[in-house]
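The two complexes that follow have chain A in common; it is paired with chain B in the first and with chain C in the second.
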Partner chain A sequence: MSLLTVSDLRVHLFTPRGLVRAVDGVSFALEAGRSLGIVGESGCGKTMTALAMMRLIPTPPAQIVGGSILFDGQDVVTMDAERLRALRGGDIAMIYQDPMTTLNPVLTVGEQIAEAVRLHRHDGRTAAWARAVEMLKLVGIPDPARVASAYPHQLSGGMRQRAVIAMALACDPKLLIADEPTTALDVTIQAQILELLRRLQGELGTAIILITHDLGVIADLVDDVAVMYAGKVVEHTAVRTLFNDPKHPYTRGLLNSVPSLETRERRLRTIEGTVPPAHAMPAGCRFNPRCGQVRPECHDREPPLVVLDNGSRAACWALS
Partner chain B sequence: MTAPLLSVRDLRKHFPITGGPLGVRTVGQVKAVDGVSFDVAPGETLALVGESGCGKSTTGRMLLRLTEPTSGQIQFDGVDLLGLGRTEMRLRRREMQIVFQDPYASLSPRQRVEDIIAEPLDVNGLYDTPAARRDRVIDLLRLVGLDAIHLRRHPFEFSGGQRQRIAIARALAPQPRLIVADEPVSALDVSIQSQVVNLMQDLQEQFGIAYVFISHDLAVVRHIAHRVAVMYLGRLVEMATTDELFGAPHHPYAQALLSAAPVPDPDRRRTRIVLTGDVPSPSKAPSGCHFHPRCPIAQAVCREQAPPLTEVSPGHVAACHFGKPFPIPTGG
Partner chain C sequence: MKYLMANKLTAVGAALCVLLIAVAALSPWIAPQDPLEQSFLTANQGPSEDHWLGTDAFGRDVLSRVLIGSRVSLSIGIIAPLLSALFGVWAGMIAGYLGGWTDRLLSRFSDLLMSFPSLLLGVMVAAALGPSFESAVIAIAVALFPRFVRLSRSATQVLKREPFIDASIASGRGTVSIMLKHVLPNIAGPLVVALSLWIATAIRLEAALSFLGLGAQPPTPSWGNMIRDGMTDLVGDPWPAAFAGAAITLAVLAFNMVGDALRDMLDPEIDT
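Right, the complex of A and B next:
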């Protein structure tokens, strides 16, 4: 049985300008100890999908209107408040783009980690503090005993993100959700954090869902990738297959748009047009106004995710 | 080589750190930019790359004197900009424009697109009749891939990519010879980013505009720049043609920076140099070569003396005590 099975998840936003189907029938599964990247551009629903895993979506305006999220055999969508509290920060932990979203500026780093440990693992104060220092050491912070007594503002951006990772992993979660964890960091620090996440995943066996817009980060860290466009998964496959044999026209366009470090082309390839406004999605396939391979059926019916001959799943009429 | 359009020599910006009981005494200095020199030829793109706090944006702002340099020289078209008075400088800015990173912050939400783009025309009196003003704005909109129907709209009605096109149209309005572009595509999604990069290249070909392109995104720089200058903590550490810098980086920092850039290729995972430590704060820049605490090949001399920029091959300069590129151990 998979650690996490998401089936036909739907998150709608009820806004004054109309209904927005932010997540519209997303399904995927994640095995224990594996990593899944969810990649897509602004507004594709990747963050809403991640927040739904812990039922953290802001209600109102957003609401889970359908589907199920089976984590360890229990449905998060229908879970009661008490069980949900144990889940959040316990079995599932989350890290965000900006570490200061997570860190409390008036508590020391060690106090914050120890607080989570006492809550979820029911350790005493001394044991919880020792655990905090141990975790800071694990994430490669030099002089962890001193840093445990430091306030977040005394740390650099890279060190803060390490501290947040230490806090997230302190209670041995089975699943870590990382939403753009390196986007706010400089590239040499980003390389350090990615290496850290990769090492920790190997050592601790934590499953990871990585949310990002950066295909380079995806290529660096995960086993499988789901590409989202306008609230839907359009392609889901192993990371090597995605980069070596992308199938969906949107995936191909996205990969083509990334300038290469190795070669210099005269012009960058682009995806024409922009993502349509959320409350005015086209009928049929949502990518059809920007797609170079449109067929008549693309305007009428939404393509389902189907398995292709290379093992990928993609939602495109031109492929099925 | 033709005469440079822009010539910068030993440019410095030191910000005071205040302290003491009243917070008015100067207790130290942040050397945000510390002796930077470079030339930009007409129609050329020079990229300034580096991480947060390396001084690349401060350098960009100083080129237009939006931030006053502490010392140094900036010659634009043979004129010493730092010797100009306020009015003269304002007239000069007609020829040098700037595009900022965040098109949500750089466009006034209360102005219509027509007035936003026409502002440099208004300031410089570059039209005779209201009809001529409107025609010029429509021309500019079309140049950047927008249309006359957008004239009466407000910025909130546009996507990020379209807003950046509007900001570029405004920069183009007075027919500048130099545009300083400070992270112009960093806030944009990747499919939109490539549209804007293509647009900037088309405009350069058409009008011969020179760009100072400030960015932390090396893949974009590889694509758009003719030459690249790498900055670290206020100093230039390496400058070369783009192919030379990406093909044979000399300075250990440039090598690490290039290898740290995430590449969309899962097979490249384990071949990178991972630097230890953080970028130090510019207020506590290390002695000697600023990079020495993080440098995998640092020696005693690096702690004591700052290496000068020296030529490693024609047109390629680097500031490292070691004469040839060292093979740096890769991580993983």
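Right, the complex of A and C next:
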């Protein structure tokens, strides 16, 4: 059995301007110790999907209206509040984009990590503090005993993100959800943090879901990739296949827009057009207004996710 | 160096506050005479060697009455805002954090209280409960309650958008625990400032209530009822009212100085 099985997840946003299907029938599975990247542009539903894993969807306006999220055999969607609190931070941990604001400014780094440990492992104060120092050491912070007594503003951005990762991993979660963990960091620090995540995944065997819009980041870190467009998974494949043999026109467009050092071009290449407004999605395939290979059926019916001959799964009429 | 001036003010203000509280606590021992002892022989005198600040219409020593009176005035002035903060801060945090109907209910209730001037509200509550020390405390606490609710509600609302609040929900923390551990320490700064400023307000309110006969009852001296007694013969013997008034001014000034200085220290945006 997979660690995490998401089937037909639907998250709707009830806005004054109408219903927005932010996540519309997303399914995927993740084995223990594996990693999955979810990529897509802003507003494609990747963050909503990630938040749904811990039922952190901001309600209202958003609500999980269908589907199931089986984590270790238990459905997160219908879980009671007590079990949910144990799940959050205990079984599934999350790291956010901006380490500057995800730490409480009035508590020391050590206190914050120790608090999380006490909450889920029911350790005593001394044991929890020792664990905090141990975790800071594990994430490669020099002089962890001193840093544990430091306040967040006394640390640099990279150090803070390390501390956030230490806090997330302090309770031995089975799954780590990282929502754009490197976007707010300098490029050199980005590489260090990715390297750290990769090392920790190897050492601790934590499964990772990485949310990003940066294809370079997923290439470095994950085993599989799900590409999302307008609330749907359009292609789900191994990371190698994604770069070597992308199938869906949207995926190909995305990869095409990555600037290359080998060719000289005056303009950056883009995918023509923009994502249609969320409350006015076209009928049929949602990518059809921007697609170069549009067919008559694309306007009528939504394409299902089907397995292709290279092992990828993609949702496109032109491929099936 | 920038805060040198503010620090000096803080030091002076804090020293004054400590002095006032110490005097109030020690007043039974340092008061030169019995504040309740009447003597028609010495009634309505100005300051003299025997009575440094003069005597009132009953011949009671004004200095002793001001000193003993500070106990009532300061204890009401400090207890009432603390009591008010205890309830108001929680109500505001709950309203700000939970939002929705809880917020609407609590906010409308505090708006209702806010729509009365605090003195009027205090008078209403004190009159309803009957004049006594306790009812003055409750009256002032009720009058200050909506201010604490508003302040802590708005501070909580701003704080609630901080990602570390989301992060602590994501780490499995319960609502009460988040309020205690993450919200309260972060909004404590402005609340402490408000508390010290509103202690000054409460001292004024207490004086007003006592002046109206709704505070501590005679013969117990308080600054407010000393002014009230002194009013009967303000021209012939202005001393009791004048010195009680001066004491109120001094106490209000001291707590305001501390409050202002704290605000300047906690808010680097305001340059003094």
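In this text, the second predicted complex is superposed on the first by the 312 of 320 C-alpha atoms of A that agree within 3 Å, B and C clash if a C-alpha of one lies under 4 Å from a C-alpha of the other, contacts with A are read in each partner's own complex, and residues count from 1 in each chain.
Note that in this section a contact is a pair of C-beta atoms (placed from the backbone, for glycine too) under 8 Å apart; a residue touches a chain by one contact, two chains touch by 3 or more.
Predicted model, so just to flag it, every value in this text is computed and none were measured.
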item	value
Which of chain B and chain C A:120 touches, first, second, both or neither	second
Touching partner for A:87 - first (chain B), second (chain C), both, neither	second
Contacts of A:243 with chain B and chain C, given as first, second, both or neither	first
Chain B versus chain C as contact partner of A:42, first or second or both or neither	first
Partner chain(s) touched by A:96 [first = chain B, second = chain C, both, neither]	second
Contacts of A:261 with chain B and chain C, given as first, second, both or neither	first
Touching partner for A:253 - first (chain B), second (chain C), both, neither	first
When both partners are placed on the shared chain, which of chain B and chain C touches more of chain A	B
Partner chain in contact with A:192 - chain B first, chain C second, else both or neither	first
Residue ranges of chain B in contact with chain A within the complex	51-52, 159-162, 189-195, 197-198, 201, 216, 218-220, 222-223, 242-243, 246, 256-258, 260-269, 272, 274-276, 278-279, 331-332
Residues of chain A touching chain B in the complex	41-42, 156-159, 186-192, 194-195, 213-220, 239-240, 243, 253-255, 257-262, 264-265, 267-271, 274-275
Residue ranges of chain A in contact with chain C within the complex	54, 56, 84-90, 93-94, 96, 98, 101-107, 115-116, 119-120, 164, 167-168
In the complex, chain C residues that touch chain A	162-164, 166-174, 181-182, 185-186
